[in-house]
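One chain, subunit A, links the two complexes that follow: it is found with subunit B in the first and with subunit C in the second.
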Partner chain A sequence: MNPVVRRLVFLSGAIGVALLLAWGMTGLPPFGVYRGPYGDVINRSAIRERHTTEAVGAVVMDYRGFDTLGEEFILLTSVVGVALLLRTARDEEERETPSDEHPGTVPITDAVAAIGLALIGPTVLTGLSIVAHGHITPGGGFQGGAVLAAGAILSFLAGRYVLFRRVAPTHLLDPAEGSGAAGFVLVGALGLVSGSAFLANVLPLGEAGTLLSSGTLPLLNMTVGLEVAAGFVLIVSEFLEETMAVRRKGER
Partner chain B sequence: MSYLPYGVAAWLFLVGLYGMVTSRNLIHLVVCLSVVQSSTYVFLLALGFETGATAPVFYDVPPGTPAVDPVVQALVLTDVVVGVTVTALLLALAIQEHKRFGTLDPHELRAMRG
Partner chain C sequence: MTALQAVILLLVAGGGLAVVLVRSPLRQALVVGIYGLTLAVLFVVFQAPDVALSLGAVGSVALPLMIVMALAKTRSGDEE
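Take a look at the complex of A and B:
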């Protein structure tokens, strides 16, 4: 289809969609006026029922825990998908000795490398703190996991591809990714074992606002944190391997 | 003014779609898809917002303080994570596509070989 026709066909459809959206959205309560009951119900009951001060975390890991299980497996599936798509093809091979230098890349200055390496420690600590306090203050497994992954990726940004592969070896990441997902299911099964429903919050709830509170929430945050961190680092290292370590047979 | 965030969501959705339809580069197409996805973040968060309400975290404010809807925030969290993983998967597909056909232009892909 030639580009002009393509654009015209899209625009005619888009105008229709825009009108429908405008019609639908003007029927909503105006911005800033909240009518739905669910948010208020959860805001009122989360601290009483689950002894957690973080209502979003309570929704993600507890009230909607089963959906989060599905989401965890979307993450797992797409990590597997990326690994499968970027596996070394028949006409390629891995370089025997991966190096920090790659033909065609701009060398990294000392300033970038120094700042990158210096930031790794604080970033990993921040990530761990966000995971550990996910049931008290904003944060949780997904958010903290992403920060943890960023810590590992900083080592690559600092121009240390070899270091990145050493702090994030695939033979450790694969089991970490898998046990993160399995851990979520196991914590969920605790509910079944104690005679309640799957993912029921059966552990002692503790005192709201302290580290040991909210029952299963901190455990679930940790399993999710492990899975997200391992999953993101796996995805990034697959992409990096593609550019840094794989070559066509016969290439230098 | 009070419908502006909904308008922003609709605009992001349509402008992202326009980018996807007219895209001449698969990486650009994936970024446009991310723009479409971000319209759902804006829309969901706007739905749950209440003027004068605080964040739904009761660590340093007493329980019972008016707070915005935590349910839509949890949905956005799910949305973001799924968005990131879908982006990664599509970029991996784009790499494979470039390897097989030597181009990133979707218009040159008419004759797909098996």
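Take a look at the complex of A and C:
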């Protein structure tokens, strides 16, 4: 196919897509107009029904909790997949060249190390706060868990591989990841045990806006937080082990 | 649409373009992190703080990190 024909084929396709897009956009609702009834219904009823001031959290963890369960297990599956793949590959490599050296520290400039060290505390605190207040203010298990994982990763950025291993030991990461996912199911099973539906909000609802409110919402946020934080750190540490193993091999 | 919304929309558009135009994967990891941050600000401006928080963590920490680590892995493989 010569360049002219190729360009013609591309142009005809691009023009077609552009026309379809323009046609579709003329049918969009005007800027800032919300047409669905669902959000308004939730906004009106979430505080009354679930005693939570965070309507988004109520949807994610309660009204649509079952969807979140599925998402939890998507994350679990992908983390397990990555860990399995990298571990099998590494096992084979290390059997060929058993490493006896300590995991080396990567060259990191003082500025990065200092900023990394200084940020660890605030980051972890922010993450915990976002998880704990997930049913009162914006945020929740997923967001807070990701921030927590960032805190652990910062300890590596600060040039402290040994410290990273200590705050994220592999033998604890695996169970943490699993119990995070299992915890969500267990909290869901609370509903079944009490004679209601799976994931029904059966715990006392408390007073809206306080830390101990919204029934199962804070519990679910914590399980999700644990799973997300452990999952992220697990993937990162698997990758790090991988590059460290290769680097060790290179040094020999 | 307020001026703030218009500005942040333009910033995000510019950021997306920058991510595509940067050719070096390592630099792209950095640019995509900054782009994730502008996108998070966009969600704050449009009153979706929950999404902004997720995006701030995933877009500006997790995604660039994954890219950098994948690069580290492929590059250290090349050197052998």
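In the analysis below, the second predicted complex is superposed on the first by the 203 of 252 C-alpha atoms of A that agree within 3 Å, B and C clash if a C-alpha of one lies under 4 Å from a C-alpha of the other, contacts with A are read in each partner's own complex, and residues count from 1 in each chain.
Assume contacts are C-beta pairs under 8 Å (C-beta built on N, C-alpha and C of every residue); 3 or more make two chains touch, one makes a residue touch a chain.
Here the structure is a predicted model, which means the values were calculated and not measured.
Asker: Just subunit B (first), just subunit C (second), both, or neither: which does A:Val56 touch?
Answerer: So A:Val56 meets both subunit B and subunit C here.
Asker: Considering only the touch criterion stated at the top, classify A:Ser196 as touching first (subunit B), second (subunit C), both, or neither.
Answerer: Neither subunit B nor subunit C is touched by A:Ser196.
Asker: In the overlaid three-chain picture, which partner chain does A:Arg64 touch, first (subunit B) or second (subunit C), both, or neither?
Answerer: So A:Arg64 only meets subunit B here.
Asker: Check the residue A:Thr109 against both partner chains and state whether it touches subunit B (first), subunit C (second), both, or neither.
Answerer: The answer is neither, since A:Thr109 touches no partner chain.
Asker: Is subunit A touched at more residues by subunit B or by subunit C?
Answerer: If we count touched residues of subunit A for both partners, the winner is B.
Asker: With the two structures laid over each other on chain A, which partner does A:Ile136 touch: subunit B (first), subunit C (second), both, or neither?
Answerer: first
Asker: Just checking: does A:Met25 make contact with subunit B only, subunit C only, both, or neither of them? Give me first, second, both or neither.
Answerer: First partner only.
Asker: Tell me which partner A:Phe239 touches in the superposition: subunit B (first), subunit C (second), both or neither.
Answerer: Both partners, subunit B and subunit C.
Asker: Is A:Val147 in contact with subunit B, with subunit C, with both, or with neither (first, second, both, neither)?
Answerer: Once the two structures are laid over each other on A, A:Val147 reaches subunit C alone.
Asker: Following superposition on chain A, which residues of subunit A contact subunit B and also contact subunit C?
Answerer: Dual-contact residues (subunit A): 31-32, 54, 56, 138, 140, 142-143, 232, 235, 239, 242.
Asker: Per the contact definition, I'd like the list of subunit C residues that touch subunit A in the complex.
Answerer: Result: residues 1, 49-50, 52-54, 56-58, 61-62, 65-66, 69-70, 72-73, 76-77, 79-80 of subunit C touch subunit A.
Asker: Show me the residue ranges of subunit B that touch subunit A in the complex, using the header's touch definition.
Answerer: Those in contact with subunit A are residues 2-7, 10, 13-14, 17-18, 21-22, 46-51, 53, 55-59, 63-64, 67-74, 77-78, 80-82, 84-86, 88-89, 91-93, 95-96, 99.
Asker: Subunit B touches which residues of subunit A in the complex?
Answerer: It is residues 3, 6-7, 10, 14, 17-18, 21-22, 25-26, 28, 30-34, 36, 38-40, 42-44, 46-48, 53-56, 58-60, 64, 67-68, 71, 74-75, 78-79, 81-82, 85-86, 89, 136-138, 140, 142-143, 209, 228, 231-232, 235, 238-239, 242 of subunit A that touch subunit B.
Asker: Okay, in this complex, where on subunit A does subunit C touch?
Answerer: Spelled out, the residues of subunit A in touch with subunit C are 31-32, 54, 56-57, 130, 138-140, 142-143, 146-147, 149-150, 153, 232, 235-236, 239-240, 242-243, 246-247, 249-250.
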